[in-house]
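Take this structure first; my questions come after.
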Amino acid sequence: MRPSKRAADELRKVTLERAVARYAEGSCLVSFGETKVLCTASLEERGPPWLRGSGKGWVTAEYAMLPRATHERTRREVNSGKPSGRTQEIQRLIGRSLRAVTNLPAIGERQITIDCDVIQADGGTRTAAITGAWVALNDCFAWMQKRSIISVNPLRDHVAAVSCGIHQGVPVLDLEYAEDSTAETDANFVITGSGGLVEVQGTAEGKPFSEAEFLELLRLAKTGVGSLVALQKQVLAGSAA
Amino acid sequence: MRPSKRAADELRKVTLERAVARYAEGSCLVSFGETKVLCTASLEERGPPWLRGSGKGWVTAEYAMLPRATHERTRREVNSGKPSGRTQEIQRLIGRSLRAVTNLPAIGERQITIDCDVIQADGGTRTAAITGAWVALNDCFAWMQKRSIISVNPLRDHVAAVSCGIHQGVPVLDLEYAEDSTAETDANFVITGSGGLVEVQGTAEGKPFSEAEFLELLRLAKTGVGSLVALQKQVLAGSAA
Amino acid sequence: MRPSKRAADELRKVTLERAVARYAEGSCLVSFGETKVLCTASLEERGPPWLRGSGKGWVTAEYAMLPRATHERTRREVNSGKPSGRTQEIQRLIGRSLRAVTNLPAIGERQITIDCDVIQADGGTRTAAITGAWVALNDCFAWMQKRSIISVNPLRDHVAAVSCGIHQGVPVLDLEYAEDSTAETDANFVITGSGGLVEVQGTAEGKPFSEAEFLELLRLAKTGVGSLVALQKQVLAGSAA
Amino acid sequence: MRPSKRAADELRKVTLERAVARYAEGSCLVSFGETKVLCTASLEERGPPWLRGSGKGWVTAEYAMLPRATHERTRREVNSGKPSGRTQEIQRLIGRSLRAVTNLPAIGERQITIDCDVIQADGGTRTAAITGAWVALNDCFAWMQKRSIISVNPLRDHVAAVSCGIHQGVPVLDLEYAEDSTAETDANFVITGSGGLVEVQGTAEGKPFSEAEFLELLRLAKTGVGSLVALQKQVLAGSAA
Amino acid sequence: MRPSKRAADELRKVTLERAVARYAEGSCLVSFGETKVLCTASLEERGPPWLRGSGKGWVTAEYAMLPRATHERTRREVNSGKPSGRTQEIQRLIGRSLRAVTNLPAIGERQITIDCDVIQADGGTRTAAITGAWVALNDCFAWMQKRSIISVNPLRDHVAAVSCGIHQGVPVLDLEYAEDSTAETDANFVITGSGGLVEVQGTAEGKPFSEAEFLELLRLAKTGVGSLVALQKQVLAGSAA
Amino acid sequence: MRPSKRAADELRKVTLERAVARYAEGSCLVSFGETKVLCTASLEERGPPWLRGSGKGWVTAEYAMLPRATHERTRREVNSGKPSGRTQEIQRLIGRSLRAVTNLPAIGERQITIDCDVIQADGGTRTAAITGAWVALNDCFAWMQKRSIISVNPLRDHVAAVSCGIHQGVPVLDLEYAEDSTAETDANFVITGSGGLVEVQGTAEGKPFSEAEFLELLRLAKTGVGSLVALQKQVLAGSAA
């Protein structure tokens, strides 16, 4: 039995709230249960220096946690002078995931920066961030289309992400903190709307896992991402941001 | 006429929402119009090293803005390796303001860290932060009393803050960004519930201001803080956090 | 009775010595009693990047203390990798104070950097620095006029500063370290030659102060700055630097 | 056809040279073709602070490249003041991989630091590092056993790693730089001697990959790691380091 | 002919002014012509960690230049986050030079920090600093003796330093900036009162120098240091600091 | 008797191995006994900014030690955020030594960076580095000549370096770590093929040294550098790199 009484393949309650940041070109407050991440998309008219003259744009991401998003207060990274290794790993992952479904030349020589700030953390912040960031990015592109900055939406597909893990010997979907901190194996999957794999990461925290276990985690993830993409479609259908 | 059509001595709509952060001992989401600051109070059982053996506790504050709290995206300070001079000035101000109404020995050798994270910025973030931080700190002390960690509430008085300025020659209360960025004089006042002055800061942005003008700003601030303290009392009366 | 036996409204012995740094375009060694600050003005032909093309110049300031300016040796800030929050607050204050009386377009696209290095510290270093910096800046502008780099002196007025405080319940002018470290309220005033207010900062160190007390501090400061501006005029009248 | 004319499932020539660093408790120079990594294991009698009193030891890793290990000279990370995100990701991966096969309590409260310094880089440096680091760690444990610091070898199993990727549509094993830099999908697998999975990482560089493709990469990796573990056994059998 | 019309073996006018810093245990303002360095000695009751329990004390030095000590303003090192290589070289040199004539166990487990701050720089700042630092250190030890902190003066000998160089083919003593910046060879010598060599540093700026030239520089340095030590003795004889 | 049984004027076994780094334009692995330094020369088509438009090139050097080059593991400097003072001193010394024998205009506006990475450290790493760096630099210039980037070799002479010291009262050549760490005087000499002095550095670790002792160290160094230059000539004569 999971601490939350959820079934092994059951997501937490997920919500995607659009247009939550007054000044951003696109934004989304995503929650996976008690995990809450504010995602904003900011358009900058100047692309990164290494793309100058290429005609291509760029999508990048930054990630941070508010100090008291967590059970115990976490020291601000600015006070240690640099983002931690974990922060850098996560922001590189979010950026790569979004770029995998973006037609970069269709942006022109511009940059979109996605800021993912964790307001509350109960496990799965990086996968929630990717899922919400896609909505913020999509609304930013809609904003640009409305102003004729671009003519077509550069997004080629949806992308969403979910964590899985082996908890007390059982493969489960969408771990909350209580499960995550004691799981034997921890995995994150980033998958597109059409089922393509973008990122697959599995880590044995204690003893190694078997191929069969890993395939079960992958199966759970595909189901979970299916639901997340359906929700993304539903909130976009609701009304323009 | 002010851009917002407010009267010269009229505050923006102010709200104080308690218990907004699941894990913090006290929290408050304060809004002054479109300015929104999330304030959390975190109890640490260990006080700062310089108070070891003194029997006294400490209250300190940290302040930051989300990158897209502002009209244009602001670079994260972690990427420049240290908090800016402005950030440090503000966090020192918030800490001093709260300590001025706190009986530090009544906390015991513990530290309360108040985190003020600006979710959206439309002028007056530091004064909103002080006003909301007092509520978070009060709720943290209530949490500690409920658990018999302390026996009396160490707060001796309310404290709240407001900005004033001279805009197009007219002294006005509680400047929003559009006014603030063009004001000739900018002032911040931190005042207690019983009307004592804790911090007074006035700065000529262009030409110097006169003593008479400064006294009018002080008069406006006292009225404004009166309303803010009344609101603090009202939200505390509502129900326990 | 004050530790120094001075009357409540009595300044320490103040001296302003010009042309003390062989290579600087303007310089002044200011002492307020045992507090000694070396102020130099350095002309750079290139203004800051954000004013490029504006036709305007800039005046900025840096501030530091020699490690053994103080009773106990202070660690050099270079060893902690960045200026402290206090240092940044002070250098921003000095810069704003000087710019408030400077006609920036009259400088052309150049920058004057004022370095204020505290040789000995006995309280009131920031206000002494502002008072001496004005002399160094004035002599730098004279140097530029002599070489026809500018045609008129860009200074529109004098500016000087003084600290005040409430010490053992009595409002007093120009606190030395022994008073400053035990004062209940600490205030700094930056005032022009014609009596305009440029910066007003009052801080309760312990209990809040009243409006009446604050007005008495302001009255003392106006008297003190009057004497300081008179001294600035006298040393300029002496002879060209 | 691969640039190196290798078959899709063919490793580069791999060598493991033991006892290459005179002062280290264990060391191994590993080469995967032109990729060369010097791995040293250093025993420190003091474990990390967070394990004090736990009776457990720790294995950690650091990774760096010599500036001219690469085709173009790379700037030293010390000059930018901190390890890059990529470096941190890699050193966390190496540490986790080794800890997954180590019985930490059997080390006692000590720390082994594995330094992996890339002398020459032609793709796959992190997987070569893990493969060589295991040998260095094993020799360090042998050194400790010989001196009766520990009684049994804390290693529970072998561990080795290899990269795979999809290059011009074909899944291939052990990519060299020329393939790696143009691969559509890039994956790293860390696998134990008994076939358990420790880390699985797959990244789409361009278009997403399918589950079938991913399973083929996993199959290649298992074959490759099988050969690497066999080589580890062979060099250990040779003679004591 | 030297720019200053001095003879090849002629020092600039050298002065050593004692007791110039009110709060320091020892201090000396040294000038070699227009080069002026303020040296202070600060007693700390706690020695460095690596000498704990050894019964020995330590003498260390820090060095910095005021930004406008030089012809062109120099950027403060705090703004680049760390002391430059040149600064570190110089402060290590000053510390070694003083320790070479100090009986460290006679200090007890304490540390003396010598701060050498260059007020004005016209060449030879490091050698002037060493010469003045010895006086400050001696006065600090006298201060300690007077208070019975130590019973004998730990200084075993005088130490002083001077620069030499080959300028337009001619070996000359005590270079000022105009000579130093165009010298072909630049050397610094640190020599004790009894003629022992403590540091010898010679650097070819352009073409290599011969052994004969180097010996002539050494001869000049010995003469120069002789005069500097005589001056140290004379100022100490004057009166107690 | 020296720990190694060498005669006072006897070098350790010295080897110079060329072309050891596949991607560098020039490289040399130098060993002085157990001290091993990998030197690579990297051509960059862009010179340093301060030489833009001068027609001159530049040679610069960087130096580092692998963490376990030493008897005890040394912390990586990247983890303290900056190169240590010792590292900076050494890299400045290597760069100056090479530039002293290089015709900078003959390089054109390009930069050669010499990386000296200490693989194993048993004393004398900086002098070994200079000796090997000259070979790497020479091979880089040969590489450039072969590709007609330059027409003549910009090296005007050989340069090599050796350490000397007074160990148990006896002047000895080429100290290994066991001698170096207990030597009373430590000196480094950088000398050209034709016997010109480039750098002379002597430091008393304990008591001062006499002029006679210093001259004996210089005599030993000249002999040692003579042998090193002969070896450089011999390895170049062997065959083209």
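Here the chain labels run A, B, C, D, E and F in written order, and each chain numbers its own residues starting at 1.
The rule is simple: a residue touches a chain if its C-beta (ideal position, glycine included) is under 8 Å from a C-beta of that chain, and two chains touch if they have at least 3 such contacts.
Bear in mind that the values here come from a model prediction, so they are computed numbers and not experimental data.
Here the chain-to-chain distance from chain B to chain E, counted in touching steps, is 2.
Chain centres were defined as the mean of their Cα atoms; on that basis the chain farthest from chain C turns out to be D.
When the contact pairs of D-F are matched by residue number across A-D, E-F or C-E, over half of them reappear in C-E. Using mean Cα coordinates as chain centres, the one most removed from chain F is B. Separation between the centroids of chain B and chain C, computed from CA atoms only, is 29 Å. We define each chain's centre as the mean of its Cα atoms; on that basis chain C and chain D are separated by 60 Å.
For this pair, chain C with chain F, the centres built from the Cα atoms lie 51 Å apart.
Each of residues 81-83 in chain B touches at least two other chains. Interchain contacts close the chains into one ring where each touches exactly two others, per the touch definition above.
Each chain touches its two ring neighbours, and walking from chain B in the direction of chain C yields B, C, E, F, D, A. Remark: chain F residues 81-85, 88-89, 91-92, 96, 100, 187, 191-192, 194, 196-204, 206-211, 214, 218 touch chain E in the complex.
Note for the complex: chain E touches chain C at residues 21-24, 27, 34, 38, 40, 42, 44, 62, 64, 66-71, 73, 76-79, 81-83, 113, 115, 117, 119-120.
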